[in-house]
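Several structures are given next for inspection.
Two complexes are shown next, each including subunit A; its partner changes from subunit B in the first to subunit C in the second.
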Partner chain A sequence: MRPFIIRHPSVGVFLALLALFTIFVTVMSEAYGLGFVSTSFVKTLGKTLCLGLVAISMDLVWGYCGILSLGHFAFFGLGGYMIGMWLMYARTKLIVVASLANAELPATEQEVVDAIGNQIFGVVGSSDFPLIWIFADSFVLQMALVVLVPGLLALIFGWLAFRSRVTGVYLSILTQAMTLALSVYLFQNDSGLRGNNGLSGLQNLPGADAIAQSHISIWFFWASAAMLGLCYMAAAWIVSGKFGSVIRAIRDDETRVRFLGYSVEGYKLFIFVVTAIIAGIAGALYYPQAGIINPAEIAPIASIYLAVWVAIGGRGRLYGAVIGAAFVSIVSTYFTGGQAPDINLGFYTIQWVDWWLVALGLAFVLVTLFAPKGIGGLIDLFEGRRSPDRHGADLGPDAGSLREAEAEK
Partner chain B sequence: MIRIIVTAFAILLALSSTVIAQQSPIQDLLQNHRALIEKSSRKTIGPAIEALRDSGLPEAQHILEKWQVKELWMRKDDGLFVFAEKVDGGFELTDISSGQSIGKAGKRDLKQLKPNSGIRAIIGAALVQFQLMDPDPAKRFAALEAIQRDGEAAHLPALRGAIEGEGDPKIQALKKRIEGLLTIRFGQNEAARIAAIERFSGDLGVDVRATLNPLLATRRSVVAGDPPDNVNVAALLTPGSETLSRSDAFDLLVSAGLATARVSTGDMRAALIANIAQGKVAGYSVADLDSDETRQAAYKGLIKQGLVPPAILGEDVDKALASHVFYDAFAEPSGAVTTAATEAMRSIELRVGFNQTFDLALDAISLASIYFLAAIGLAITFGVMGVINMAHGEFIMMGAYTGYVVQQIIPDYTISIIVALPMAFAVTFAAGVAMERLILRWLYNRPLETLLATFGVSIALQQLAKNIFGTQARPLTSPAWLDGAWVMNDVVSISYIRIAIFVLALVFLAVFLFIMKQTRLGLEVRAVTQNPRMASSMGINPDRINMLTFGLGSGIAGVAGVAIGLFAKVTSELGSDYIVQSFMTVVVGGVGNIWGTLAGAALIGFFQKGIEWLNPSNTLAAQTYMIIFIIIFIQFRPKGIIALKGRAAGD
Partner chain C sequence: MSMLLEVSGVSVTFDGFRAINNLSFQIGDAEMRAIIGPNGAGKTTFMDIVTGKTQPDEGHVLWGPKSVSLLKMSESQIAREGVGRKFQRPTVFEDQSVFDNLLMALKNPRGAFGVLFYRLGDKDRERVRLLAEEIGLQDELSRKSGELSHGQKQWLEIGMLLAQDPKLLLIDEPAAGMSPAEREHTTEILRRAAKTRAVVVVEHDMEFVRRLDCRVTVLHEGAVLAEGSLDHVTSNQDVIDVYLGR
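And now, the complex of A and B:
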């Protein structure tokens, strides 16, 4: 059998491009190169790679398995919260221990913990550590939670939902409800995660005060790129072969796959949990670069945007998801950041800060209507692959479907 | 002759008036108590004022009022009480009874009566009775209200005296009520107080609770043996229980002087630091003092050396707590009264509980009607047509903004609301039809993409609203007749606007049922929903029906927007606040059935209010639990409360 990379040339091309991009940015960076790319832009690029990673997970679950989950950004945020807890605890502990070292008496353990609690929870008027912080002292355990918490939540939720055969738009609404519940819960001050203040100061690694942000940012950029490449390969491997065929078959006709004897629920649950874990990892890489996480990041609208990126990039192809996430997030930053020039129509001046969302919404409607393949469809054009314009209708004798002759046009 | 008679008569008249001036009954009464009045002492003045109050003379009130403001004077030579007014070269005197002038007098011949504040208060209390008996009911009512605000023991006799002669039954009832409450507070007779307390058992008024609560106020104390006999003990307490934590109990002991203070962690730390000598504290090296045990041991060492005042540490606290009795005692000394008050409070709380439940049910119904209003449009587009319209919330917002714009043009709130409802329907109907024609009809075979496309419309509309109307909330004012609330008693009340929304929800339900069951359009809608190809074979144009159905659902969303805008702030985010709840309502209720939507709205409304009642401080948590409940509910009834069966179910 031919090697995996040769059977799937797109994986090789993607990894090569990613490697080239990483080297290019490194050479251009302030820390290790010519300094053409500012530290903040390196962070933006690193964050974009993380968004590409979560877009891959969304594409796996939606583009390949047909589950339009409006909850993957919640998993992303949970991953961020998990790493944020360790970052915040460890850094505050260093500061507290340093300040207590000058005291006349050596501090008891309880005094250290109380002082950390005071520092972290003073902003919500509390100083006790809630139960969910018990592992925050341990880097290894908290890193495990980055994977475990989103994974377990996805497992429980997915098991409940798939087992009662909630599918299609119902499942979308249910996942949206889950996301809303989570974000509303985190908004409370006594949720144990600092309410709407969220966790902050995450860009400072504990014990790395001597190292400049320009270096740290490029390290995170490398980590994000490496994780994106790794997960891209893993995702490509998952969707290739027999397993991938079953996944796509579930997307196209779930009932038929079930009647063929496959455990549809098992496959869906597997994909749901794996993608939740990928999303959690992406979040754990994203938020140390963003520096702050709060419950607003988890709001249902973020998950819908995730679906928008994947749709614009092109569903059902992994590189499409990455392209969509990178393209839309960078273009959004450009237009909402106030850098885009205003358009003067004579009677009215269009300021992009105000009108960008309108344009994005309309662009999104147009893409859904006229280019269901998204940006990735351009590559099909380049390869000369055409598909009939069926508006999603089935092929065959069913209601509203097209004849084979029509489809072949 | 005539002239003589007239002159004689005039003289007689003048004489007689002087006689009256000096010998009116009120003057006599004052003269009887002249010694007391002149002495003007708070302790002895009582009988004089009482005599005046109980005299039944018409001038008594006026005289008391004048006395209170220091306008009553006494002529020194004959002790006559007069009113005096300063004029040029002395004082103009007026008779206290007839009000006639009786000549002038110099300042030196007069003595002004200057009641001190204590006497003024006694006079004020005496005056209350006159106010309570005032012929004008409004004045009587005002006096009662003043007593209700801050009643005093002195009001009690006046109030009791004023009940009998009261003609107005309403005011009489109020008098009796206030008399009862004052008896509970100030009564001297225990039996009367208990009777009054029992009279108010089960009364919902806030004033009753405000009267009974101070009676039941307790003070926490501690003694070495049994509580003294003269103390009305409410409850004995065990340290470490829920009502009395161990540290609170110990603090009580310390403040009662029954135990030496415990040293706080901070104080202990400071004391240890203060006594560091050559790197050691009481034989322990400083580096070892990083745990509570060694610190306590070192502190004990310091106590032994006499360097710090003695303090209780560790297990000694237990001993001290065990050897004392902690109890709550009523401030009210009479046990019978507190028992009766507790009993009355219990029955009141029971009734308050019932009424609160009722009030909560009303709240839940009104919340359910709001959800129903928000969801009914969705029940049509999503439930009947199976189209996920993420822009539904924005249609609600458009309706609310339409109401706002109409109010800018028509200033009369009543007319503007009447105009706004059909206007909102028209605007959102048009928007819905446009969206259906331009976008949705291409996507009927791709439901998930409908979701995404309508989401695109949703963010575009939301931003558009922000660009046009700004980010700050716009007011949509309800007409004046919708202001206020229907108050049933001190516990149960519901605002008129909520009643209006409830009625509107019922109207919508009726209209929806009428259209679906009784009209040609409804028939065609149902036909197209069940089987579009068969319907089109029967001569129905499915395109047209889809368009109209979607327009209808959107139009209803617009009308709901006006209703919601009346009590919520109109912002561009108005719709997105309701969209998830609306979908939940439809999904929980069961798709494709209006009764299901009603049931879903009721379930969610009651459930949310129920959780808020269990945890009133935290509405955010209530929302979280509600959504979790819905997710679990879907497990057991995936098709909702009312599931379609047979052909109608589709699939």
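And now, the complex of A and C:
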């Protein structure tokens, strides 16, 4: 059999473009190159790659398996929180140990932990470590939680929801409720994750104070690009074979798939958990570049944005999701950042900061109605690949393979 | 003769309407059976019960030589036990090729991990090719099944059923919307299938049933009205009154 890359040329093209982009940004960066691209913009690009990654997970679960999850940004945020706990703990520990080194008596272990707790939780009027911070001291264990926490939450939630055969819009509402509950819980000061303050200072790697942010930012950019490439390949492999065939069949007619003998619930649960883990990893790479995570990041609106990106980029094709996430998030930043010029209509001035959401919503509706393939569909146009445009019901044998709407012409 | 499927004393009520009323039905290992009956006689509900889509209020559905109950199983478990079902409207996965449709139906491990690491080998490729030949779609393998004509979709679905290699085939109106030549071919496929497995065909069209040349069960108001050869049941006065006489 021919190699995977040759059978799926889009994977090769995507990886090549990603590699070129990475090299280009590196050459243009302040740390390793000509300095045309500022450090903060490198961070923006790195974050955009992470958004592309979470969009891939959304495309797998929605575009391929038909589960419109409005909770994948919650998994993304949880991944960010998990890495944030280690970053904050480890860095605070270094600071505390340094400041206690001057004391006359060497500090005991307990004193160090108490001092760290004071530093981290002073802002919410507490100093004790909640149970969920139990692994924060260990890099390895906390990294494992990046994968385990979103994965387990998805496993439990998905098992309950899919087993009861909740589908369609009801499932979307349920996932949104989960997201909202999680974000409301994290907003509380006694949630153990610093309430609405969130975790901050995540851009500073522990023990790396001597290294400039310009270098750290490009490292994270590389890591994000590598993870995007890796997960893209993995996702392309998952959807290319028989497994992809089955999940697309579940999307189109899950009852029929059941009568073929496939356990639809098992497949949905599998894809839900895998994509939650990918989202968690994406979040763990995103938030050290953003520097701060707070519960507002998990609010349901973020997950709705995610669905909008994937819809505009093109559902059911992986590169479409990445294009959608990158394009819409960068354009969003431009319009909401106050850089876009206002439009003066004479009687009213359109200020993009206020009107951008309306424009985005309109774009979403228009794309869904008139260009369901999204931006990715342009590539079909370019390739000259056209799928049959069929309307109406089967006519039966006499009119051959025509359908009602076609036969009338 | 050992029975493959034994349905006994089954009743179902939907919102006070008795769709199936103390129905009993049996079929052996390699037998062809036609079920006829007027609209609302409970033909589709009967299939729903056997395939696990509907839970009966009372009664037993026993399966195979070990007489295991099908009532506690999910639809997918029942399908894996060897019950295949074809719906009235052809339901194939229109977005995927004929080959992929058949490959999905082909009898192979159905678990998520087994399917994820599944590699298409020459053996399965050959099996799909033979099936396609049987249903007359060997030249359409790479086409999207949404592009097929109505009759071809019906065959593709029958082919997917055969690919599952079921012990019992439940087929709802296979000849609906087919041309005479296509009916001929469908009859041929079904009769060949019935040599090695049980086939239950629900059909309105008497001409088609006559061509199948098998035992006939007449359903009426959710219960069996008569059973026997087509000539036997069509001469039965009750059957003439409720069904044929109209």
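We take it that the second predicted complex is superposed on the first by the 387 of 409 C-alpha atoms of A that agree within 3 Å, B and C clash if a C-alpha of one lies under 4 Å from a C-alpha of the other, contacts with A are read in each partner's own complex, and residues count from 1 in each chain.
In this text, a residue touches a chain if its C-beta (ideal position, glycine included) is under 8 Å from a C-beta of that chain, and two chains touch if they have at least 3 such contacts.
These numbers were taken from a predicted model, which means no experiment stands behind them.
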Touching partner for A:Ile83 - first (subunit B), second (subunit C), both, neither: neither
Touched partner set for A:Ser263, first subunit B, second subunit C, both or neither: second
Partner chain in contact with A:Asp253 - subunit B first, subunit C second, else both or neither: second
Which of subunit B and subunit C A:Glu104 touches, first, second, both or neither: first
Which superposed partner A:Pro372 touches (first subunit B, second subunit C, both, neither): first
Which of subunit B and subunit C A:Phe243 touches, first, second, both or neither: second
Subunit A residues touched by each partner, larger count belonging to subunit B or subunit C: B
Doubly contacted subunit A residues - partners subunit C and subunit B: 394, 400
Contact footprint of subunit B on subunit A as seen in their complex: 66, 68, 104-110, 157, 160-161, 163-166, 168-170, 172-174, 176-178, 180-182, 184-185, 187-188, 190, 300-301, 304, 307-308, 311, 354-365, 368-369, 372, 391-394, 399-400
Residue numbers on subunit B that touch subunit A, as the complex places them: 269, 272-273, 276, 286-287, 289-292, 295, 388, 390, 439, 442-449, 451-453, 455-464, 466-467, 532-533, 576, 580, 583-584, 587, 618, 620-621, 623-624, 627-628, 630-632, 634-636, 638
Residue ranges of subunit A in contact with subunit C within the complex: 1, 238, 241-243, 245-246, 248-249, 252-253, 255-256, 258-264, 266-267, 270, 387-388, 390, 394-398, 400-401
Of all residues in subunit C, those that touch subunit A in their complex: 51, 53, 74-77, 79-80, 84-85, 87, 90-91, 93-96, 100, 103-105, 110-112, 115-116, 118, 120, 144, 146-153, 160, 164, 177-179, 182
